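Chain lettering (A, B, C and D) follows the sequence in which the chains are written, and residue indices restart at 1 in each chain.
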Amino acid sequence: MAHTIKEKAKLLARVRRIRGQVEALERALESEKECVEVLQQIAAARGAINSLMVEVVEDHIRTHVAGPAIDTEAQRRQGAEELIDIIRAYLK
Amino acid sequence: MAHTIKEKAKLLARVRRIRGQVEALERALESEKECVEVLQQIAAARGAINSLMVEVVEDHIRTHVAGPAIDTEAQRRQGAEELIDIIRAYLK
Amino acid sequence: MAHTIKEKAKLLARVRRIRGQVEALERALESEKECVEVLQQIAAARGAINSLMVEVVEDHIRTHVAGPAIDTEAQRRQGAEELIDIIRAYLK
Amino acid sequence: MAHTIKEKAKLLARVRRIRGQVEALERALESEKECVEVLQQIAAARGAINSLMVEVVEDHIRTHVAGPAIDTEAQRRQGAEELIDIIRAYLK
């Protein structure tokens, strides 16, 4: 899925940070931290997932929709329809 | 902006419906309707704006990013970068 | 719904600004402005509706959920359940 | 933070499911799964975090804002202000 080695490393670093945030959230719930603290941790994890999402969507647009290396109109159209499905799911 | 007459008519119908919703909301505030009722009207207007947004974004993708009629790679790239800016503003 | 005259004036000013934004959006579509410009106007209107929403929700919390003037536990509970319904509709 | 043992167990089950989703996402990136598949996994994790958020907010409202066991108006007001901060962060 990542379209270059550099991009792959970047996305993996992001997802591992999110895993760390979710593990910290688990510990916070186990040790019965304050409501507000837990909510701030949830908000941080959610923000990190949104940022990961945006990065992967950008990557998808540059490679599968607008990419100069796309061979056929049919492939480009498929990339566009996949993108539209994702945007619909997120914005509606 | 609308890329066909049919599409233009559809978007205008949507935006006029939203105007009607906002006018109804104004009347609800003026006549001091219940909180909950006002919140439901706001939610409805917000949902309608989100749907309009999704429709215009789809239109943008099909015409300015994946469109078979785009002349140059530079134009396609510009359409893609505009799209990415919009998605960033919405999802982050 | 607005719980003081000052609050009512503030909310009405907000909703009239939103109406102005939606009317501008309608003109932009009619005069076939650029896609990107239209999307920025939609984003602005959406942001304004979100802000109005937050303000009304705050008002609801202060008056109908945490308000010192609430007479009975049943009323407070009702205010809380209404609030939860709204938050569910918005965050899910 | 969880206000009953049952509620705590429920929240922990949710957060562990999210951890599983994030770990699956990590494996998907490592094994270079398709863009679209990765995006669907991100969307699922995001949905699960939103649901967790809603549940904790509900819990906060019932216990710290509308709770019949709150001792003083000052405590109730503090719970309300914390809630408003969270809603602002999420809806704006």
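What we mean here is this: a contact is a pair of C-beta atoms (placed from the backbone, for glycine too) under 8 Å apart; a residue touches a chain by one contact, two chains touch by 3 or more.
This structure is a prediction, so every number in the text was calculated from the model and none was measured.
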Repeated interface matching B-C, over half of the contact pairs identical, chosen among A-B, A-D or C-D:
A-D
Could you tell me the distance, in whole angstrom, between the mean C-alpha positions of chain C and chain D?
23
Using mean CA coordinates as chain centres, what's the chain B-chain D distance in Å?
29
Computed distance of Cα centres, chain D from chain A, in Å:
18
Quick check: what residues of chain A touch more than one other chain, meaning two or more?
50, 53, 57, 90
So with touch defined the way it is at the top, what topology do the chains form here? Options are line, ring, star, complete, other.
ring
In the complex, chain B touches chain A at residues 47, 50-51, 53-54, 57-58, 61-62, 65-66, 68, 73, 76-77, 79-80, 83-84, 87-88, 90-92
Under the definition above, what is the set of chain A residues touching chain D in their complex?
1-2, 8, 11-12, 15-16, 18-19, 22-23, 25-26, 28-30, 32-39, 42-43, 45-46, 49-50, 52-53, 56-57, 59-60, 63-64, 82, 86, 89-90
